[in-house]
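The following blocks contain the structures, represented as C-alpha cells.
Paired with subunit B in one complex and with subunit C in the other, subunit A is shared by the two complexes that follow.
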Partner chain A sequence: MIGLYVTVPIASFRRGAAREYWETLPLPSPSTVYGFLLSMVGEVDRTCHIGARCTAGVIGHPDESTVLRKLWRIKDKKLGLGNGSNVRPDYQELLTDVRLVIWLDSSEEVTESEGTLQQRVAASLTTDGRSRISRFGGLSLGESTHMVDEVLPIQRAPELADESVRMFLLDKSGNFTLPVWVDHVGSSGTRNALGRLIEVGFEPPDVSRLPKIQDSKVLMTK
Partner chain B sequence: MTMHIFANIVTDYGTAANNRGETEGNTTTLQKLIWKGAVHTTVSAEAIRFETRKHLASMESGGTNRTWNEDTRTNDWQKPGFDGWAKENGDTFIDDDLLGYMSAEAAKEEGQAGSAKVRRAVLEVTRAVSLTPWPGDTTFNAASPGATPSAAKKGNNPVPYGAEIHATRYQYGIAMTPDRLRQSDRAAKALQAIANLRTVAGNHGRFLFDFSPAAIVFRVTEDPAPRLLYCFGTPDAGHTLSADELVRRVKSGDINASELIVGGELATTDSGKALAELGADVKDGIKAATQAVCDRIAKVSA
Partner chain C sequence: MAKTAKAKVAPPDHLEVSLFDPEMDLLLRAGIGGLATTLRWIERSIQSEQYDEDDFPESWIDDGVPWELSSDKILFRFADPEKVEDVFKPIFQAAFGLCERTIDLQTTYLGKQQQSVRVNLQRGLMLTFLQHGKTRTGEKKDSELNIEIDGKSFQFSTRCLDWYKHQDGYQDLIDKKKGTLSQKSAELPGTLYPGAAVRHNGFAGQTKYEGSVSQLLAAYFAPIGTLALPINRGSAVLLVPDVQDLLLFADNRRKITPSSYRDCLIGGSGDAVLQLYARLRGDDTKQRLAVASVTAFVFRPTAWASQQKSRVAAEKIEPLDQRRLEIFRYAKDHFAPRKASRKVTVKTGKGKAAKSTEREEFFWSDSIVRPLIADNLAHRRDWFTGFTKLFVDRDPANGKPFRDRLPFERTGLIAMIKADVWDKPGQMALIGAVHHALRGRYGQIASETANQKAAMQNRFRGEYERWRLAFSGAKTADQFRHSICDLFSRVPANKELQANWTEVLPWLDESGWQHARDLALLALASYQGKGAKELAAAAEASEDADSASA
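Up next is the complex of A and B:
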C-alpha cells in the first residue's frame, strides 16, 4: 500500500446526480481518485489497472463557498453554441484549501503489463522515475481548472499529527455511496461502493476496507 | 520525458468591480469565496480564458475559430464543426488548439449513440483569487434623471445604485504541456497572450482592471505537480509581494530552483532575492521572463 498527501487549492467534487445546482461531495470518489492517479502516471487506458483499491480522506474541514457559473447547454440548436438560451448561470459549490490523504493498494490488480499502478505511482514520485513518464495535462481532481498543487509521499507530508482525517472506507452498514466506476455514456455501467466516512489517523487502513476499482464488464463475468 | 510549463501570476493593485449580471437589489455584487478563513473576491477561469482568446485572435492573421460579436452579443464561428481536426495536417485554429472544444450531439433516435467532438484544453487556467480579503467596500452612486433610457423613466428623481468594489490584486495559475499542441509554436503564443492579458474583470468603463501580470513565476519541469499555485502573499495589504512558501519549497528540495524563472515585481523583494540565491533565473521584467521560458521551450523542442 502507498499513501499520498495531495493539496488542491480550489475543488468541487460534483455529485453524480447534481444538475442545475452543482453540489460538492466532501471528498473525491474512488473513481475520481483512480482517474487522478492514472493521469499522474500518464495512463490513458482506464481499464489498465482494474482491481486496484484506492480511497481518499479529507484532512480537517475545507471552507465551502458557492459561486455562480455560466454554463453552456443546447436548448435551441438554431441559436448556435454559447448564444441566447444555450447559456445559463448555475450555482456551484466550491471547497478551498483541500488537503487529502490518498491510499492505493495494487495487490488485487488484474493486469500488470507495465507494472502495477502502485509501482507506477511510487516511481512517479521520484525525480528519476518521473523523467521516464510520458503524460500530458495539468494534474487535476475533478474539473480541469481545479488543479492539484502538491503531491507528496505521506511520509514526507508536513506535520499532521494534530489533524483529523475523514476517510471513505467500505462498510456493509454504511450510509454513503460513492462511484468506483463511472459510465460516461449512460448510467447503467456505473458502479458504486457502500461505505462510511470514518475518522482515522495517518496509519494505512485495512486493505479489505479500501474500495475496489471494478468496471461493469468485470462484475458481469463473475 | 514530458515537459510541463506551470506558472503562478499576480496582477497589479487596482480597484475591481466585475459586473457579471447578478445583483442584490440595485447593487452589483462581486463573486466571493472563503479563502484561508476570510472572504476573498474571485474571478473565474472562464473569464480569463475569454480574454486570452481575444488576445490570441489579435496575434493570428486567420483569427480564432470563435469570436464574441459585441454588436449581436453572440459567438461567431468560422468552423463550428471543427473540420480541420479530422485530418492529421488539417488547418486548425489557435484557440481550439490551446483552449480545447466540445461539441456534443444527442442521439437522433432511441437506442442510437450520440456523438461528441472533444478536445481537452492544453492551456489550463485556474480560478483567480484576490490576494487580500474583501473588507466589504461598496460605492453608492446616483444616475441623473434621463441619464440612460432605463433610468428614471418617470419623474425627476435621480436613480441610486451601488457597486461592490475591491481594491486588491488577483492571483491565478496556468499549466500547459506543449507536446500536446497540433502546432508547437502556439505554446509561445499562449505565454505571450497571458503575459499581455488585459481586461478580464471590469464594470463597463468605470472599473478597468488590468489583468496583465505584475509578477510571474514560471516552472519548466517534468514534475506533474506545479507546487507553486497561489504562492504569492503580501506583508502589507497588497502593496508589495512575497513568496515565502515558494522559497520554503525550493529549500525543502520539492522544487529544483533551476526549473524556476521569475519575473516582475517579485525580483526586488526578499523572496525574489532568496530565489535568485538558490539558483532561480530572476528577471526584472515580465517580458524578459516570458521570453526566457519561450527560449527554453524552443531549446527542448529543437
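Up next is the complex of A and C:
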C-alpha cells in the first residue's frame, strides 16, 4: 500500500445526481482518485488497473463557497459546444485549500503488463521515474481547471501529527455512497461503494476497507 | 441451420429493497424509509381492522402481507410473479391519495390532517416533486379558499387536483406485456428525483438519470420519506432525513409532519430543519427517528430558468447541541408567526347597482429574525451573525426591504436580548452601551424640540436613519469604529461603556468589527424609549413612521 499527500488550492468534487446545482462532495470519490492516479502515471486506458483499491481522506475542513459560473450543455446538436443555447449559468460549490491523503493498494489488480498502479505511482514520485512518464497537460483532481499543487509520499508530508483526517472507508451499514466506476454516457452503468467518513490518523487503513475499482460489467455479472 | 429456442427465464418472484444497497443515495434511502412507513401503516390498519373492504386484497388479511420489513431491508414476495400489480397497486393507493382535491399522504400523519396543513404541504410538493403540469391533472389556476382557524376566516390559494403521477407509479415497475416485475433500468426524472435533470437535452436518451427497479420504487416513495415545505409562493425546501433504521423511521415518520398551519411556516432551510428537529424534541432525534442528519435542498426559480424551480442550495444540518437548542427555543417563542389582518374592499354589480363592501381578511405574518437565527445556529455561528442583512437586503418574494418589518419584531428582540443567550463577554455590554447612547440622543432631541411635535418626530426619525446608514453602510473596521465612536461621543457618562469597556474593546478590532456591527444594529432595532414621556412618544412616533413606510 502506498500513501500520498495531495494539495489542491481550489476543487469541486461533483455529486453524480447533482445536475442543475453542482453540489460538491467533501472529498474525491474513489473513481475520481483512480482517474487522478491514472493521469499522474500517464495511463490513458481506464480499464488498465481494474482491481486496484484506493480511497481519499480529507484533512481538516476545507472552506466551502458557492459561485455562479458558465457551463455548457448540449441542447442543440447543430450548434457548437458552448455556443448559444448550449451554454447556461449555474451555481457550483467550491472547496478551497483542500489537503488530502490518498491510499492505494494494488494487490488485487487484474493486469500487470506495465507494473501495478501502485508501482507506477511509486516510480512517478522519483526523479528518475518521473522523467519517463509521457502524459498530457497539468495534473488535475476533479475538473481539468482544478490543478493539483503538490503530491508527496505521505512519509515526506509536512507535519501532520495534530491534524484529523476524515477518510472514506467501506462500511456495510454506512450512510455515504461514492462511485467506484462512472458511466460517462448514461448513469445506469455507474457503480457505487457504500461506506462512511471515519476519523482516522495517518497510518495505512485495513486493505479490505478500501473501495475496489471495478468495471460495471464485471459487477453486473457477479 | 436450425433455430435454437431461447431458454425461458422464470420471472422474479421477489424484490429486495435494501437500505444499505450501494446504489441507494440519500434521497433514495429516504424513499425506502417512506416505503417502509407506508407498509407499516398498512400492517397497522389490518391489525386494527381499520380499513375498507376494497382497500387491500383478501389474501393480505387472511394470510398476511406479502412483504417482510426489517430494520435494513424490505423483501417483497410475489405469489404470482406474473401479477406483480396485485402487490404494488394497493400500496400506492394507500400512500398517494387525494382529499377534497388536495394531495393527501395519509401514512405521514396521525388522526385527521387539517385542511390548511394539507394545502400548504401540497404547495411544497408542487414546488419540488410535482412542478411540471404533465405530472398532475386538475385546475390550471389557483382557487381561493377560506379556511377557519381559531374562529377567524383565513384565505388560502390552492390548486385543485384530480390526479398526480405518483398515484399510478406502480405501472412503471411492471413489464406491461407480461405483468412481471420490470428488469430494465428506468429513468428517474425530476418528478421523482428533483434536481436530477437530463444532462444534455440534445442527447436526452443517453444522458438521462437512470436507476434499477428498486431505485425507481424508492424514488416514487421519496415524497413520503421526505418533507417538502414552501418558503413562499415561489420557493420551497425539501428536507431529506438520513435514514439509518427503517423500523424506527417508519414508526416515527409522522412526528416530522407539521400538525398545524403555524408549524408549516418556515423562513429558510435552517429554520425548516431546526423546526423539524424541534418537533422531534431535538436532543432525542437519533433515537426517535434514527437519522444522523437532515439535508435541506432549496428550490426556486433562477434568472436563466424562470419557468421551473431549480435546485439552488444544499445544506446538511446535524442535530443541535443542548446550548444551541436552548437558544432556538427562545427564538421560536419570541419570533413566532403572528396572525394579522387587512381590510379588503370588494365591488359587486355594475352601474347604479354597484356596491362596495369592506371585509376583514386574516393572514399569517412570519418573522424575519427567526430564520436568520435558525440558519446561524444550524451552521454553528453566533445567533445574531448577519443581522446587518436585515437592514440591507430585500425580501425576494415582494422586493420590499426587510428593515420595514423590523418594528414588528421589536418586542421579540427585546425579549431575546434579555434571555440567557449570551456566551461571550462584552456582547451584551455593547448592546447596552448603544441603547444608552441612543436614549441620550433621543433625550437631547426631545429637550431641544419641546412643544414641537412634528419637528421632534422628524428629528427622531432622522436620528434613527443616521445611525442605520452609518452602521449598515460601514464596509471596513475603520468606518465602523468611526461611526460607533461618533455615537458614543455625543452622549456623556455612558455608564454601560465605562463599566465594561475592556470587554467591549476587542469587538472593535479587525477580527471582531463585523460582529460588533451586527450587535450595534441589533441594538438599534431593539431600542425602546424608556424614561421621559417625550422619549416614549418619540419611540412610538418612530415606529409608526416605520410602519407607515412599510
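Here is the rule we go by: the second predicted complex is superposed on the first by the 206 of 222 C-alpha atoms of A that agree within 3 Å, B and C clash if a C-alpha of one lies under 4 Å from a C-alpha of the other, contacts with A are read in each partner's own complex, and residues count from 1 in each chain.
Assume a contact is a pair of C-beta atoms (placed from the backbone, for glycine too) under 8 Å apart; a residue touches a chain by one contact, two chains touch by 3 or more.
These numbers were taken from a predicted model, which means no experiment stands behind them.
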Worksheet item: With the two structures laid over each other on chain A, which partner does A:185 touch: subunit B (first), subunit C (second), both, or neither?
Response: both
Worksheet item: Of the two partner chains, subunit B (first) and subunit C (second), which one does A:193 touch, if any: first, second, both, or neither?
Response: second
Worksheet entry | First (subunit B), second (subunit C), both or neither touched by A:108 | neither
Item to complete: Return the chain, subunit B or subunit C, that is in touch with more residues of subunit A.
Response: B
Worksheet item: Taking the superposition as given, does A:163 touch the first partner, subunit B, the second, subunit C, both, or neither?
Response: neither
Item to complete: Check whether A:89 is in contact with subunit B, with subunit C, with both or with neither, and answer first, second, both or neither.
Response: both
Discussion item. Once chain A of both complexes is superposed, is A:20 in touch with subunit B (first), subunit C (second), both, or neither?
Written reply: second
Worksheet item: Of the two partner chains, subunit B (first) and subunit C (second), which one does A:173 touch, if any: first, second, both, or neither?
Response: second
Practice prompt. Examine A:67 and indicate which partner it touches, taking first as subunit B and second as subunit C; both and neither are also allowed.
Written response: first
Worksheet item: Taking the contacts subunit A makes with subunit B in one complex and with subunit C in the other, which residues are shared?
Response: 74, 89, 185
Response to the item:
subunit A residues touching subunit B in their complex are 9-10, 39-40, 42, 63-65, 67-70, 74, 79-84, 89, 94, 96-97, 124, 130-140, 144-152, 185
Practice prompt. Within their complex, state which residues of subunit C touch subunit A.
Written response: 20-25, 27, 29, 72, 185, 193, 195-203, 206-212, 242, 244, 292, 297, 304-305, 310-314
Practice prompt. Spell out the part of subunit A that touches subunit C in their complex, as residue ranges.
Written response: 17-21, 23, 66, 73-77, 86, 88-91, 93, 172-175, 177, 185-188, 191-194
Worksheet entry | subunit B to subunit A touching residues, read off their complex | 1-2, 4, 6, 20-22, 31-37, 42, 44-46, 66, 74-75, 77, 80, 103-104, 106, 113, 120-122, 124-127, 129, 173, 175-177, 179-180, 222-230, 254
